[in-house]
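Chain IDs A, B, C and D follow the sequence of writing; residue 1 opens each chain.
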Amino acid sequence: MHSMRANVYRVPAAGPDDVSGVEALFAAGLRLKNVVAIMGKTEGNGCVNDFTRGYASRCFETMFAKQGVTGVCLVMSGGTEGALSPHWTVFPRERSDAPASHALSIGTARTPTLPFHHLGRLQQILAVAEGVKAAMRDAGIDDPRDIHFVQVKCPLLTLDRVSAAEHEGETVATRDTLKSMGLSRGASALGAAVALDELDHSEIADGDICKRFELFSRCASTSAGVELADHEILVLGIGKGWCGSFAIDHAVMENAIDPSAVRKARDRLPANAKLAALLAKAEPDPSGKVAGRRHTMLDDSDISGMRHARAFVGGVLAGVFGMTDLYVSGGAEHQGPSGGDPVAIIVEKES
Amino acid sequence: MHSMRANVYRVPAAGPDDVSGVEALFAAGLRLKNVVAIMGKTEGNGCVNDFTRGYASRCFETMFAKQGVTGVCLVMSGGTEGALSPHWTVFPRERSDAPASHALSIGTARTPTLPFHHLGRLQQILAVAEGVKAAMRDAGIDDPRDIHFVQVKCPLLTLDRVSAAEHEGETVATRDTLKSMGLSRGASALGAAVALDELDHSEIADGDICKRFELFSRCASTSAGVELADHEILVLGIGKGWCGSFAIDHAVMENAIDPSAVRKARDRLPANAKLAALLAKAEPDPSGKVAGRRHTMLDDSDISGMRHARAFVGGVLAGVFGMTDLYVSGGAEHQGPSGGDPVAIIVEKES
Amino acid sequence: MHSMRANVYRVPAAGPDDVSGVEALFAAGLRLKNVVAIMGKTEGNGCVNDFTRGYASRCFETMFAKQGVTGVCLVMSGGTEGALSPHWTVFPRERSDAPASHALSIGTARTPTLPFHHLGRLQQILAVAEGVKAAMRDAGIDDPRDIHFVQVKCPLLTLDRVSAAEHEGETVATRDTLKSMGLSRGASALGAAVALDELDHSEIADGDICKRFELFSRCASTSAGVELADHEILVLGIGKGWCGSFAIDHAVMENAIDPSAVRKARDRLPANAKLAALLAKAEPDPSGKVAGRRHTMLDDSDISGMRHARAFVGGVLAGVFGMTDLYVSGGAEHQGPSGGDPVAIIVEKES
Amino acid sequence: MHSMRANVYRVPAAGPDDVSGVEALFAAGLRLKNVVAIMGKTEGNGCVNDFTRGYASRCFETMFAKQGVTGVCLVMSGGTEGALSPHWTVFPRERSDAPASHALSIGTARTPTLPFHHLGRLQQILAVAEGVKAAMRDAGIDDPRDIHFVQVKCPLLTLDRVSAAEHEGETVATRDTLKSMGLSRGASALGAAVALDELDHSEIADGDICKRFELFSRCASTSAGVELADHEILVLGIGKGWCGSFAIDHAVMENAIDPSAVRKARDRLPANAKLAALLAKAEPDPSGKVAGRRHTMLDDSDISGMRHARAFVGGVLAGVFGMTDLYVSGGAEHQGPSGGDPVAIIVEKES
């Protein structure tokens, strides 16, 4: 009787092209073909003209291609503001002879190619919901309550894609390509919420996407990229057929300065364990206030509000955990409540 | 037998010109002539071209001038990065008939005009040390250990001032006017350290200023401004002849992600008290690392490292205190250890 | 038989609070009460959180108030990118005994208070058109072809204003306050176009504002401010009842790199004359290209596209005129063709 | 009797990884092994944390490596501010049967590895001078007056390199790695000046580097990179043994707003020719003024002065040539006079 074992490695990066720390893992015995996903924090601005994400992906693709390995899920998030530290988190999994118990489990899936007139609409929500369910099956998890983190990489519209759709007589949700990123992220997050039974798809209409922010998932983390036309999905949870020393839980900070829910989630995890990875979303509270006091993040024309938010929430979380190589990512449409920040915590039990 | 009573008001600011909250205090009975100092956080970049400091000072000067009041110490610090909130902290003091006990005390002093060839040299250190001692006397505090915060506003060199000094046959410490700001801040912090018996002036040579950062004060907060040629000094501590419900203590964060010393300082203060003001310094760790991990604040050519540091340390402290109208100020030469952050905490006991 | 004489002074500014150069004009004989308008370029970012505009206005208001003068039109534009130089342009006018000839003429007007549900709609266009006609009468100009520059300062929506309108049962054009700035600037520019017979108001519908950019004025320069609820209008042209040595013409650069139309306009003006003021608008070409080549201004999340555009177009114009104290202002909805830049040129004939 | 023929291709780039336009040249018949150099303008900030340079270099290296080609000189300059357009300029050369005449010639050379304690000192100047002479020989040019552009890619100090030098008992010119970039650029520019007989090496002492800016080359363009320990040198000039339709000349703008010298250089080139490439340096005038008027580039803590300067000088030059894919590069120690901008112009004669 076999079980599966997931592992988590947090590796410092000296720059977006520094894959040497990951290569060292392989030199030390980690098998490349076991790697399911790499999530990176790179030191760009995390906004439109952040090329550190593409640069890092290119370097990893080259590294894997040399060994004939393809299909690894690469999720690069730009922005290491404040004292946040650029790093890679490597997620391998493998078969094990150890008895299965409750442990960190990893699943992935890809959806079919999305017709571009479906982007930012109910059809995308449903496609992602199916994909998340497939990733849950891959992770051996039935109960949505055992899922603690859902990462979705989703497509966006380009001028070419808009033209192609219109050529076929279809109408797209928006002709504004930047706006299509938000719509795709939002629809993907709502798709995760549907898969996790947080929302019923019948409650959601096309017009709610990026409008009714009271609809959200407490576990979703989504990012849009030009390089794909389908969805690449990674789920992390606690699976029954899994073994190993890693555990995961999650929490939602109700605002940017209240880490109490995060502390409680940490306290639900084993005490004799060290932090393996922290995966969080951050955004400037759209109300313009935090806990009743004005913030200036949305009025600052010199620094993007996303950069402010990552620096600040990064500080809040680093102050709690005493660690700076945290995955804090911006752009949180329908990912946690408005102004609130979803946080997943992975720990490794000490043996 | 009289005593003195200090008070602390924290007032939101809707912009650098919004003095309406302070005017409301006066309308509600606070007497203008009792105001000793106003410390403001304004929403500029906190760097060279931050005009929100001058704008705010201008608005307060106009307000006081209308009432014939002059000489109020105005300390404006730019930069409310992350969720930090623009606000004013008003410090009045008055005579009281209540019995004296140990309570928050406020003292101020001005030094004689500084000959400009003394700036950034031992003579400035000695002048500030004398000034801090005078402010301590004004606050009725003998023991340096009862001082928890020293604010010094110090002069800087301009091309005109350099020329004037050279015309008299003197040599200035630097002809670089930007550099003169750091030297003046550093010498002023060392002057505070000498007054507070943290350092002996015989240990310090001209060449140590902004070089030997292992010499520092745990309480000093200094800023340079073009508008004065002497030093404006404010000390906060616990004085014996004072009454009232405010108490103060201080701590030094050894690095940007360890608020444990701050928590301990808070725990030394009365439990049945609410936070009245938090006064902190922040800077990017000059080693390029925090707790062994690389940060990117000093390599970011888009955002000043000072802005990163205020956002991040602001997050750490806001996560501890659940409040965003904190005074977090950058530029910390000889103010706390290299990469470490001095923090003063003022609480108001509940009655 | 009297005539009117307009004058133009270009004064360097050492900072947003430096009114000393203008005070020197008064000390040298210029009468304060003759000053109709001051147009300033200040060194802020020219975007949302640019407080140098308010700071400069405050300083001028204080200066005028001391002399009992009110009602001077103050137009402050932030952003002196590249080598552009902060400065004030002072426009006085006075009665003269010299015979009237064709010369620079200045007129001003204010519209009635705008009901806030009219903002960004046809009613605002009509109100501004009336105001521009009033300013033309004030300048003694009948023929719209004699107008070369129309500056309109227009209101914007705030949350309070939206609430007030909705309380009265009205619907506003947008509830997004930032968006209301663009709508107000756009409607004001179209109002100028109607007044100048560039457009017929029957051609324009509410939905065209900030949408159909093929509708535009070749002379309008508009800016929105929170401090007014009506419109403050300044027109510059060639009036018949005016004397003096100043002349004005205008041109529209068809794209950011073709100053040939500007050279031609300069050549239409007297040769034995020196440049007195140059008033231009600049914006990143919304097509993402200039002359067929991609630009990156709209994808730069570190620097606002407006700042890029002012720096670059400032360079183009400075290269033509050999001068850096040019008034180059951003935000050009319906002010010139899409991606094109309207430029007014004022020269002073040598005597 | 053979001659050499140089060619120049200007290719748009859709991003730092877009080598497709260059690949299209190869598909159309250009031979990879003929390519001597590629100079690129990429859309990063052109400062410390600009990873678009490395990303672009990586993509070209991969492209060349696939075909077994190595040793191509890749010069990537970040920063396409204003309407400047990202692009590559490809320089191939080949043997030709056409008769030799005066035409654009290209030469390259590499110096021996630089002992790191020589960096920023007279020894580096001499090493570069030798290298430039070797590149001149490679280009078949004897007379320094026939050289119009010298590009030097030079090394910098890292902590490891400093340690290595000190371990051997040597002292380095600076332990500040950022400062070492300026020293290396400055020494390299002075090396070019020596090779071109603009300066005599006996006039220059170690202490003059990055100090005495009245010493400079009118043709040098230098950039420091961590990836090499020697110098990579490219010279462009008019060689006698060359054929083809390209010609080159150069000029120095005495300040940022006077393109008259550039116009004159263009006029010295054939009239029936179109612009093939423009290679310029730009920097904020260190005096703080341009033509007597204050600029704010050096006081702007939000935008690097280099970015301001490239945008503005880019505008000046684009206004002259009506083209935005210009190579405008920052950081001009000893490259042209202080505040002045060297410009090389390459044209292609129409046949």
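Definition applied: a contact is a pair of C-beta atoms (placed from the backbone, for glycine too) under 8 Å apart; a residue touches a chain by one contact, two chains touch by 3 or more.
For each chain, UniProt lists the protein as follows: A, B, C, D = Cyclic amide hydrolase.
Everything numeric in this text was worked out from a predicted model, so none of it was measured.
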Report task. Name the chain whose C-alpha centroid is most distant from the C-alpha centroid of chain B. Result -> D
Report summary line: Quick note, more Cb pairs in contact for A-D or A-B? It is A-B
Report summary line: chain A and chain C have mean C-alpha positions lying a whole-number Å distance apart equal to 47
Query raised in the report: Just curious, how far off is chain D from chain A if you go by their C-alpha centres, in Å?
Result: 42
Query raised in the report: Taking each chain's centre as its mean C-alpha position, how far apart are chain A and chain B in Å?
Result: 41
Report task. Quick one: which residues in chain A touch 2 or more of the other chains? Result -> 43, 45, 49, 296, 299-300, 302
Report task. Would you pull the chain C residues touching chain B in the complex into a rising list? Result -> 15-17, 43-44, 49, 51-52, 54-55, 58-59, 62, 302
Query raised in the report: For chain C, which residues are in contact with chain D within the complex?
Result: 12, 14, 43, 45, 80-87, 256-259, 284-285, 290-291, 293-297, 299-300, 302-303, 307-309, 311-320, 322-325
Report summary line: chain A residues touching chain C in their complex are 45, 47-50, 296, 299-302, 304
